[in-house]
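Pasting the structures here.
Same chain, two partners: chain A is paired with chain B first, then with chain C.
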Partner chain A sequence: MVLRNAVVVGGNRTPFTKAGGRFAAASAQDLLTSALDGLVARFGLAGQQMGQVTAGAVLKHTRDFNLTREAVLGSALSPHTPATDVAMACGTGMEAIATIANKIRLGQIDNGIAGGADSASDAPIVVSEALRRAMLTASRAKSVLDRVKAFASLVPADLIPVPPTVNEARTGLSMGESQAITTRKWGITREAQDEMALASHRNLAKAWDAGFFDDLVTGYLGVTRDTVLRADTTADKLAALKPVFGRGDDATMTAGNSTALSDGAALVLMAEEEWAKEHGWPTLARIVDTQLGAADYVTGAEDLLLAPTRAIPVLLERNGLTLDDFDFLEIHEAFASTALATIKALEQGGVGVVDPSKLNVNGSSLAAGHPFAATGARIVASLAKMLAAKGPGSRGLVSICTAGGQGVTAILEGI
Partner chain B sequence: MMRTVTTLKELPDVGGLIATGMLTAVGRPGAKAGLPARSLVVEKHHQDAGRLAAYNRVCGFTLRNQVPATWLHVLTFPLHAALMVGRDFPFPLAGVVHVTNHMTLHRPVTLTDELRIAVWSDNLAPHKRGVTFNLIGEIHVGDELAWSGRSNYMAMGATTDAPAPPPAARLSPPEVPASQLWQLPADLGRQYAEVSRDSNPIHLYPLTSRPFGFKRPIIHGMWTHAKALSSLGPRLPQTFSVDVAFTKPLMLPTKATFAADEADGVWRFAVARPGSDAPSLVGRVTDPMP
Partner chain C sequence: MTGTSFLETLYNTRPGRAVARRAGLADPPKLRRGRTEPTGHTALATLPGGGVGAETLSLLGIAPSTALVDVPEHRTKDERGRDVPPAYSTRPGALVVDATGVREIGQLELLRQVLRPAMRGLERSGRIIILATDASAVDGLEAKAVAQGIDGINRTIGKELRGGSTSNLLFLTEGATAGDLSSSVSFLLEGRSAFVDGQAWRIAPRKDGDEGTTGADRGAPFAGRIVVVTGAARGIGAAIARTFARDGATVVAVDVPAAGENLSAVANELGGSALQLDITADDAGARIARHVASIHGGDTKIWAIVHNAGITRDKMLANLDEKLWGSVLEVNLAAEIRIDAVLLDRDLPGGLADCARIVGIASTSGVAGNKGQTNYAASKAGVMGLVWAMAEELADRPITANAVAPGFIETDMTAAIPFVSREIFRRTNSLQQGGQPVDVAETIVHLCDPASGGVNGQVIRVCGQNLVGA
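== the complex of A and B ==
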């Protein structure tokens, strides 16, 4: 069977802001629709029936069960454009891109849009499990007395709303606490983490100043630049921050070398290569292949956020490539120590050595922020643009770790 | 007619204005005194994202860079209220009802645009049930007219010697079945009052609506108008004119149906109580009128 080529045509995202900041009033739905508005405007898609739009959000209200379809219906795209939601924690956006790319390659669709949105400001708050069960029992009750009885076992604490957490269901540890274990286990130093954070801010600031994001970002609610970005941060400032994850003297993870909770949305426009050329659409890079991986982290045998190190060797072998064959490596900075431990594990596992000069050259999540489901499309749109500039045959690798001990990785090739 | 222009630094606080309007209801000069020859202007209004987000949530709009046309009406409302509570205004605030509304979005307006907001009143005219008049609003972005609105109000039972206007064309509801069913909760009037600043007591609680002849509060006509436009969603063009007639109050809580149909680039729509033949709101969206 002859597969077709799925190419990245372009992308659009909102600027990313710190949670509780300038996008605090916007829902994930608002953010996703606005990113779609910008993409529709940039590529003249008003009235067009797209093959498929797929996106998602990690912090998701139950009312948003059709998040992506609702965004399509609120946009200028033809209402005949089908849409689906996907969920893979922080890998949501990248997995959405993989889904659309695969459908394009199989010939099921000629074009599509993929990405995601998250609002840590507008996160759903739920009632306690005891109250939820009591309410369900009461709604099934036949008599008033039974309805009252359903609530009899509740104690006052059950009435307190439960804010969302990013704690792992099976370990009870927060993402930061899990990563603190990994950080110590792999011997990632404070200095190395701060150095990576500094490079992320410097690289992202340089890219903004050079106009790199002019055709990748559309301002939203008066915000025109990522607000997590601290262009003026220094090694001294980062070194002065107190650790927030881990315990004792060797706690090394600070707010500076961990990603901030953030709000934003990002989307990538994709098409079949020949179809794109026929329709005069830009063709930046091919989505060559993608691979998921999963780690055995529940009892501590492996690390929660290092699952990409299981996916990358499979991906490289299937495509007959080594790490040296890539011009750009995009390793999502969930925490500086995640990216550093990933690099160390690849090295120790004999997969290859990461050349720091190819790593996250236009900044990554430490500086840009990380609205969970939006990160995949942020990375892929930027990487595709870098590969198009680098020239035909240039290659980029994407690696994103996710909650639940999973990872999603991809190979892109410049056109 | 020359109007005196009063420039205000910011949009006035409507809550206080409505209270003043209620207290100064008696002793109004009546229709024969004519409408005040005044216009009120705010030169530089900066829109508030949090307020817009709250308005959008209540009315069903997505929070995006471009703001809804009905939001621009909401921005003119404090100046309308200020005009009407002035002692030179012929009718008491509580005695007037919003009958029809016309607005034109001449160009898209974004949240970050700095707005010049101006309002005045005109066109006092007799009506079989009272006297009607217009509250006019205009919003400029820079030198460009971005939005204009005309709210036609009636002072019930008032009389005037002013000449009768030619009869206005009546809006007709679309001849299609309703496609949407809205739930209007009991507190919707309070929700909309919060985001629109229009806290007229007929919209708030049964206790506050009863003195005005409504057993239960009625929803603001401009909420129904806004909800109708948000329900059309991206079918609304970038620029347009919209006319609505508020034909029957909707008492809260209630359900309401929405029907809409497009022909030759004109959208006609109607909101009604389920099973009712008499719509509560009838509207029409056309290309922008000059």
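== the complex of A and C ==
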């Protein structure tokens, strides 16, 4: 069977905002619909039937069981466009892209849209476990008295809504606390983390000023630029921040070198290469290959957020490439120390050395923000544009860590 | 948008309106708009030497009635014994006066004769359309003076007509035929020209290679054609985009990246595409072409580009610095020249088609000047100069370049003018009201019509015959 090529045609995202900010009243579905409508407008797709739209969100309400389909129905696309949801924590967007790319390569569809949305502002708030059980018992009760009895055991604290957490189910540690262990274990310094954060802000600000995002972002609710971005931040300002994760004097992770909880949505338009050319669509970059990895973090043997270091060697070997063969390296900055530990682990594991001049050259999550499921499409759309500008044969590597000790990686090639 | 003042709130109440009416501020006539023909018949007066008028109406499928002529023997007496001109038994919707053969001062009396019965005889939103031969196409001092004299008649009856009726004049240059004229006559007859009043423009023979025909699909003349509209996210630009889409065009809606949210809504509503672009960027023209070729197909060319994007940075010249000065000229004029220069490259994929239309937006501020707007007036008068020069420069290519000059149009921008000034601006024209964005749009769409190849190098004011700069 001859595989076809899946290419990135373009992308669109909302600006990313800090949770509780200008998108506070928007749901993940609102954000996804907005990103979709912007993409539809950019490529003149109103009323058209696409092969498939696949996206997802990490923070999902029960009403979001059909998130992507609902976004399609709320968009200007033809209602005959099928849609599916995927879920892989922060890897959701990238895994959605892999799904669509694979279907295109297999010939099941000629084009598709993939990405994700998240609203940390609109995270689901649930009732306590005790209240939930009482409500279930009450619903089964046959008499009023039994119904009242069902609630008798509750104490006032059980009535308080439970806000969402991003704690790992198996370790009970928050993402930040888990990463603090990794940071210490790999000896990532405060200075290195702040330096990476500063570069992220400077690179992203420069890209915005140069108009790089003119055809990658569409404003939403009056917001026209990423609001996490601090174009005027300095090394001194970052150095003055107090650590928020880790304990003791050697705690190094601050709000400045960790990603902010954020709201936003991002999507990528993809098509089969020949089909795209026949239809006169831009062909920016091929999705060459993708690879997942998973780490044994529960036992403490491995790190929660370094699973990409298991995926990357597999991906490189399968494609006969080394890190030196890439023009751009996009390593998601969940925390500055995650990206730095990933680079260190790749080096120590003999996979290769990351050239800092190729790393996140137009900024990454520290400056842009990280609406979990939106990050994959943000990275892939930007990278594809960079590769197209770099020229045919240029290569980019994507690495995204996720909750649950997993990672998703991909190779893109400029056309 | 500014808040509504107390005075404005009061003015818009029922008692407030009653007082205003007593004070002479009558409710303005409601104008007939859109692709609607007059309800009543179209009367035709063919003066000696004419004929192109009858031919034009025939092309448009209109069977005219004969215009009444006010000569003494046709007059009747009223109950008080006074002479009254002959009256139409049913109100005509329009009167077309074919004065293309009029050369002598004495013949102007013939215009008076056919116009008089129509002045109070037309239905509401009626039309007077005068056809005359351009001074450049007649010989002799008297004939040339007479041509201009006819415009004096046109401009005056525009002011005297009531009930939303308008008068306009089309000057035919050497060799112009009914086929060159029909698109403009159709525009003037229909509701599309609602806010165009007291204007005169020239009709020339369509150039060799102009693909437009008089029989263009009047429902969707732009079907399969790409039209680029800058500043399309809102206001007049969005109205232009919508009007083109109504008539079948595939619209490429362009606006600054910061306006992307509205822009994509407009593009999706119209089934077009959105291009987020700062038109002052050096590569703006190239990016427009690249967008057209990559989104709408590699062989696709632009049928029309409408340079609607514009800004104001108003200040009295005494307070005007180089920054406010420069930005207005850059956006309103310089960007347009640069973009056209790129798109006119015949070999550019996604550039202007061999036969194409270019429209700029001038302004009554450019025609007449406006206090606090030296920069804006410079840019808008510049647009007029630009389309005149382009029409000459493109003489051997079937591409037309024209401009519209809007007067007071009801937009967010004019809504920000303080109430009393706004009410004065809006009423100081022959139609006693502000125009709607769609009125500007209709005129632009008309200029871009495949059948409008005979209109070239013209500036058409959409101002209800504003007193300013008339």
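To be clear about the criterion, the second predicted complex is superposed on the first by the 415 of 415 C-alpha atoms of A that agree within 3 Å, B and C clash if a C-alpha of one lies under 4 Å from a C-alpha of the other, contacts with A are read in each partner's own complex, and residues count from 1 in each chain.
FYI, contacts are C-beta pairs under 8 Å (C-beta built on N, C-alpha and C of every residue); 3 or more make two chains touch, one makes a residue touch a chain.
Predicted model only: the values in this text are computed from it and were never measured.
J.: So if we stack both complexes on chain A, do chain B and chain C clash, or do they fit?
T.: Superposition check on chain A flags a clash between chain B and chain C.
J.: Return first, second, both or neither, reflecting whether A:Gly363 touches chain B, chain C, both chains, or no partner chain.
T.: Touch partners of A:Gly363: none, neither chain B nor chain C.
J.: With both structures fitted on chain A, tell me whether chain B or chain C touches more of chain A's residues.
T.: Comparing touch counts on chain A for chain B and chain C gives C.
J.: Touch test for A:Asp37: chain B only (first), chain C only (second), both, or neither?
T.: A:Asp37 contacts both chain B and chain C.
J.: Answer with first, second, both or neither: which of chain B and chain C does A:Pro282 touch in the superposed model?
T.: Only chain C; A:Pro282 stays clear of chain B.
J.: Would you sort A:Leu73 into first (chain B), second (chain C), both or neither based on which partner it touches?
T.: first
J.: For A:Phe213 in the superposed arrangement: first (chain B), second (chain C), both or neither?
T.: second
J.: Touch check for A:Ser27: first (chain B), second (chain C), both, or neither?
T.: First partner only, chain B.
J.: Which of 314-322, 350-358 or 404-412 in chain C clashes with chain B after superposition?
T.: Of the stretches 314-322, 350-358 or 404-412 of chain C, only 404-412 runs into chain B after superposition.
J.: Could you tell me which stretches of chain A are touched by chain B in one complex and by chain C in the other?
T.: Overlap of chain B and chain C footprints on chain A: residues 34, 37, 76, 219-222.
J.: Residues of chain C touching chain A in their complex?
T.: Residues of chain C touching chain A: 250, 253, 257-261, 263-265, 267-278, 281, 293-298, 300.
J.: Quick check: in the complex, which residue numbers of chain A touch chain B?
T.: Where chain A meets chain B, its residues are 22, 24-27, 29-30, 33-34, 37, 73-76, 219-222.
J.: Sort out for me which residues of chain B touch chain A in the complex.
T.: For this pair, the touching residues of chain B are 49-50, 52-54, 56, 62-65, 111-112, 233-234.
J.: Provide the residue numbers of chain A that touch chain C in the complex, in ascending order.
T.: 34, 37-38, 40-44, 46-47, 76, 211, 213-215, 217-222, 224, 279-282
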